[in-house]
């Protein structure tokens, strides 16, 4: 049975202050995350345009990271609702790389298969799959596959729009493949061998 | 003629063809010489970074490595997300040397290499303002868009987080406003000018996206704009193509067209609409265009000045105080105008 | 390296209990000193449990007397701890204190290394370095300088006024220089002062008047210091008196000229940009001195050549359009800088909309608005000048505690915000929201004031406001300012509609603090505030002797602290004056003029202006009283003509030789 | 009474010092009048064995010019030391290594290779000189090069130093006058180890140019400053002039005629390392705090080691560049 | 004792910042490599390049220069002078074939005992990688060769 957040904090504190989760996320973040510098002012949560659909504000999430609440953090929908608008980043008085931390949390959640709604991770994965296959994004393929799997109903609703896009030449039926696919694959394969966990 | 390494990005080939077409038209007369990176690949948008870090940055860096090979220094990207990704990779590879090393290790598998800091990553809007210049632009205008009320929609990923400190203000950037004024359009006060269109949420969390799209369109409506103008393929797609869904979600009947700024610049430079990709929008621009289509006055645009009449005086505009001469943000008078 | 066998050096190795001896083999170090360094002149080497104890010190004194030691090396702790102790011991035994050296084998060896063998070897090297160095040491005498009894106080805010009055009341003369037309500073702009809510004018004006009329205070307003020469006890200061375009000796302060002046301009100074003044003006009716000045940029006569209404209306013919700036040079013994602060420019935080959204005000605008003598006669109204707000939001930390702007807490903003919350409640009964990150109310009666404001019903929201916007999302938001914030105590974003927003803006160093620092030879921290000699133990002194500092020039402070510092700085100055003379550390540079080529390379290196070029003899000279002993000129002199006591080339080169002796012996 | 003996010897150097001595014109007659010239290979024939035959310290005054470049130089230095009462290190080569000292930037083999393979050398068989060669007449030897150039004082004890490349003739004349006065009992010798025939301070002391506060934003070559202000300090015009660190005594010859001082008189009195004085002096007047900008300014001094140690390398703290020690590295 | 090369490093400190940082490192019992020996100056502005050359030519393998952070100099701005001198000295060292990396400049405030410790440890490793400079040894060896010179060997009769 999973513990409530409060129980979890207590469980953690009973042992010792465990900052390993915070550090893990920090290490996995591009650039210098400065996550440990958060002063819990809430300028991120206040700035967020999509906060209304999040289960936790980014600030709360950072506090939870500090408290080592791994399950709760990874299961949170917050990173998936983040729209990458960077408002929080420019307003953060401590210059925490908030958007990039959200990306890190998503990748951790995907790795550990910890998410409540598979739609968003699937979308990202499908997108990446296409890019890895062709070297370019392939919206038509992406949209059809994603909608078919996750919201066939919406596909019907948006069919007219999609058709319009097709008609106006804004949706390519066929993917474009780059010439250097072999090179790109070699690069990505090498990249996948590496992790940015230790410095 | 200034030379730029051109990174168009995937959208320019598909849903943002209008952006591509109009850019290709206006580049020549404005003196922008574009050299497309040979065999560029997708930048990964906002998706790849959320899956696996090193591959995501390696994917971006392949483009940087290819661009650096040309020997030129400046990369021009018209797409906001591409611009941000390229700039970010360049910045973080230097800020976090471990990342830079690993990405280069991956690039080496494809016989490529990139030294962070060796390229200038610039957005089309920045190049237009700072390299070409508003004066040049104004001089080329043959059909000022007088009477067209435009809502300047810069979006997020151009002015923020602004790794290289190129933009006037992260919250209320003035660049797009200045360009639109230069081509004679009437720029309305649009408080949401740098807020979010919903990004990929139209795909994975439409309810969130509809709200953000609604805020934008209702704000543009309220400010009596005929048309919204954007610098970003994603913004254009979301506001344009998902406007119908947003309407049905909220039971509204908005009809707010949105086009790329290059399209309007093209019109002002005298190109016919059909060469600039007009007609490919889902939300029709017909009504908006008709406001300038019929009547093309020659008169120069004069900015109306409003005086403080009554009550307490407003703070001085930052542009007018000597202490911060570099300020470019809008002042009260302009906001009111 | 000198092998002057005539030296008699004593080396004393301290165990420091076991602090040193647990890692360093002190006996080995002692034996090395006695045997290995015998050829260098070491005649005695001892080790002892606690060298700094009385018996330890007596050991040294005894050896100096009995063995006739002429140099002493104590291998113990850091010189910052006990250099003075052992120098005094030598002095008691009749040896010049500067012939004693400390070798730090505790902080630099035993405490930071674990390998006993390596630590012992290093300790030997450190001791050898000290022995070689001490051979080159020279006996030094302290310098004494007489103190001029007059004092210069720069800045006529509350700290400067306080300092000037303290000194003047003690019977000593003060030159009080203020660059504005009136003294009083920022405090004169305020309405009420926290936490007691006294009216600022009621407590400040009497002090201003007293300073303006004190027989021992020479008040120089509308004046600036342009040059500082000399050194502690003997400064020569040039003051520029800007033209008021009015003969002070004729002006009665009747204010008729002000009344008659036809030109009204927005007052960006005293009225903080929300009120107006004339082209001839005083900051307020309580200005000290009472003389107005003409603002030439806005004066019809200076701009267009016509008008002269002030001249015509003046009953005493005091107006003088021809007046020029004057320069005055005064001699003083000490200087107090009380140059104050600037306010953060709220327009930089564009998400708060100041400058764009009319009903966003800064704290200083609000102070003027609250003030009964201010532009609204104390009415709290919106920018339209008439509407009373129903809901007011107050935002803390604007420009403070934020790496994008100023990365420090501005100290007074929490209390200032609470004061505003109280004033709004008291005068309008409005709903007041107070947005804070952390509530900082540590001083006397401050937290009690917070309790009072809580009681009065102000609504506190813990969260840094993300933005203030007029972009309505729904009908209920139309026409309001929306304060968007995460209420961090519930973890949800809120959009709170208000009519008026007050930004509690922080303090910044004066925009010209760097130049002022250069003028007086004092430094600024990374944030731009003046640096104290010691942040805790000597907060009102600077690195330049005879220059003291008070009030917000060193960082954000409230009024009581500024006043206390003004008094403290005055006490230090009086202390100097009473002493009559001052003793200076003998670590100084000097030019051997026979060797100086007059190349003038050193001339621009000294931040304390201690080096002068003698045009007649074409050589440079160093004023020992101004020299702070940094040694930069010594290192720079291409002719080797400048030497520095205490850290001479010979001393340092010898020390390097000593430190490397193990290597060179192994190579031989 | 026989006249005291005088000698002058020329080792690793260009011969300019000898010419400078001749340039004292009729003063040379005073030398002849007061001294018996025992050994002066440039001026008159004499054999080493004649010197060897002398009593120790029989020569009163020996002016030694030239660096210690080869084993013969060294041998002769020991010989002349033994036979002379006063040994004067005469000129820059003897005193600080001078231009030959720049050879210390390279391994000696490389120097020889360069000398015997340059374009202007006609050496089709790529021959190298050998210290010992068998010829029909027997075995002939030539002195071997030493690994580095040394100053005279690094090899033998020296009584006085006289700097300059070459020493100015008026200074030579003054020194000769002094020695004669000493001989006549009218003056006393300076303390042993003293620098004679030069000032204590540096060239600026004698330089007629106007000097002000210095704040340098760019260093330039003198030919790139056009026109050079004839009245103003050359360093202030951005030209790295070695004058501020170079011993006075030459009457500021170069700066007075519009050329920067290149430092031939070596360091001022008491200075440990000549180059260090220039490094610190030039760096101190750079008007910038930004490392990048400073680097840009420093680019204006393209060869700092050469500029600062043109004359003084062999006598500097380092005495040589690292390549000179190559053979010592495993 | 292991076979690894133990460099000797001279570290010049400023009386107001880095020397106090070293005191702090001691008081806090932070540990660092014993290869570093400190020389106290009143200010990094006192640092004469002669001292660095003396150290390197006199047996040290590396020199660490420490001073107050830019803008925090106790004597206002003398640390910038040290910076310029260091930048020029590096170029001279390079010209003499000595790796400029053997002389490093780092800013350390009085409170940065940890930073000083870190800088010392990493510099010791950097110099260890550089290997011995052995300048004094080289000069010494030559001196010995010079003085051991056998007069019998050389003289060449110069006859014309």
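Should a chain be cited, it is by its letter among A, B, C, D and E, assigned in written order, with residues numbered from 1 in that chain.
Throughout what follows, contacts are C-beta pairs under 8 Å (C-beta built on N, C-alpha and C of every residue); 3 or more make two chains touch, one makes a residue touch a chain.
As the structure is a computational prediction, the values presented were derived from the model and not from experiment.
A.B. asks: I need the common contact partners of chain A and chain C, sorted by label.
C.D. replies: Per touch definition, common to chain A and chain C: B.
A.B. asks: With chain centres defined as mean CA positions, report which chain is farthest from chain D.
C.D. replies: For chain D, the chain whose C-alpha mean is farthest off is A.
A.B. asks: Have a look at C-E versus B-C and report the one with more C-beta pairs in contact.
C.D. replies: Pair with more contacting C-beta pairs, B-C versus C-E: C-E.
A.B. asks: Suppose each chain is reduced to the average of its Cα coordinates; what separation in Å results between chain D and chain E?
C.D. replies: 29
A.B. asks: So the centre of each chain is just the mean of its C-alpha atoms; given that, what is the distance between chain A and chain E in Å?
C.D. replies: Here chain A and chain E have centroids separated by 49 Å.
A.B. asks: For chain B and chain D, let me know how many angstrom lie between their CA-based centres, rounded off.
C.D. replies: 69
A.B. asks: State, to the nearest whole Å, the distance from the C-alpha centre of chain A to the C-alpha centre of chain B.
C.D. replies: Chain centroid spacing, chain A to chain B, equals 24 Å.
A.B. asks: Among the residues of chain A, which are close enough to touch at least two other chains?
C.D. replies: In chain A, 52, 87, 90 touch at least two other chains.
A.B. asks: Could you check chain C for residues that touch two or more other chains and list them?
C.D. replies: Counting only residues that touch two or more other chains, chain C contributes 351, 467, 605, 632, 635-636, 649, 653.
A.B. asks: Can you list the residues of chain D that touch 2 or more other chains?
C.D. replies: Correct list: 272, 277, 280, 284.
A.B. asks: Can you work out from the touch definition every pair of chains that touches here?
C.D. replies: Here the touching chain pairs work out to A-B, A-C, B-C, C-D, C-E, D-E.
A.B. asks: Spell out the residues on chain C that touch chain E in their complex, using ranges where they run on.
C.D. replies: Listed in rising order, the residues are 78-80, 104, 106-109, 111-115, 118-119, 121-122, 125-126, 129, 517-518, 521-526, 531, 543, 587, 605, 607-608, 628-632, 634-636, 644, 646-647, 649, 652-653, 655-657, 659-660, 663-664, 667-668.
A.B. asks: Quick check on the complex: what are the chain E residues that touch chain C?
C.D. replies: It is residues 8, 10, 19-20, 22-23, 25-27, 29-32, 34, 37-43, 45-48, 50-51, 54-55, 58-60, 69, 71-78, 81, 85, 117, 136-137, 140 of chain E that touch chain C.
A.B. asks: Okay, in this complex, where on chain B does chain A touch?
C.D. replies: Spelled out, the residues of chain B in touch with chain A are 10-11, 13-17, 39-42, 44-55, 57-59, 62, 88, 91-92, 95-96, 98-99, 102-103, 105-112, 156-157, 160-162, 170-171, 195-196, 198-201, 203-208, 211-212, 215, 241-242, 244-245, 248, 279-282.
A.B. asks: In their shared complex, at which residues does chain D touch chain E?
C.D. replies: 45, 47-48, 71-72, 74-75, 78, 105, 141-144, 146-148, 150, 154-155, 272-273, 275-277, 279-280, 282-284, 286, 288-289, 291, 294-295, 298, 301, 303-306, 308-309, 316-323, 325, 328-329
A.B. asks: Could you please specify the touching residues of chain C with respect to chain D in the complex?
C.D. replies: Residue list for chain C touching chain D: 594-605, 618, 632, 635-641, 649, 653.
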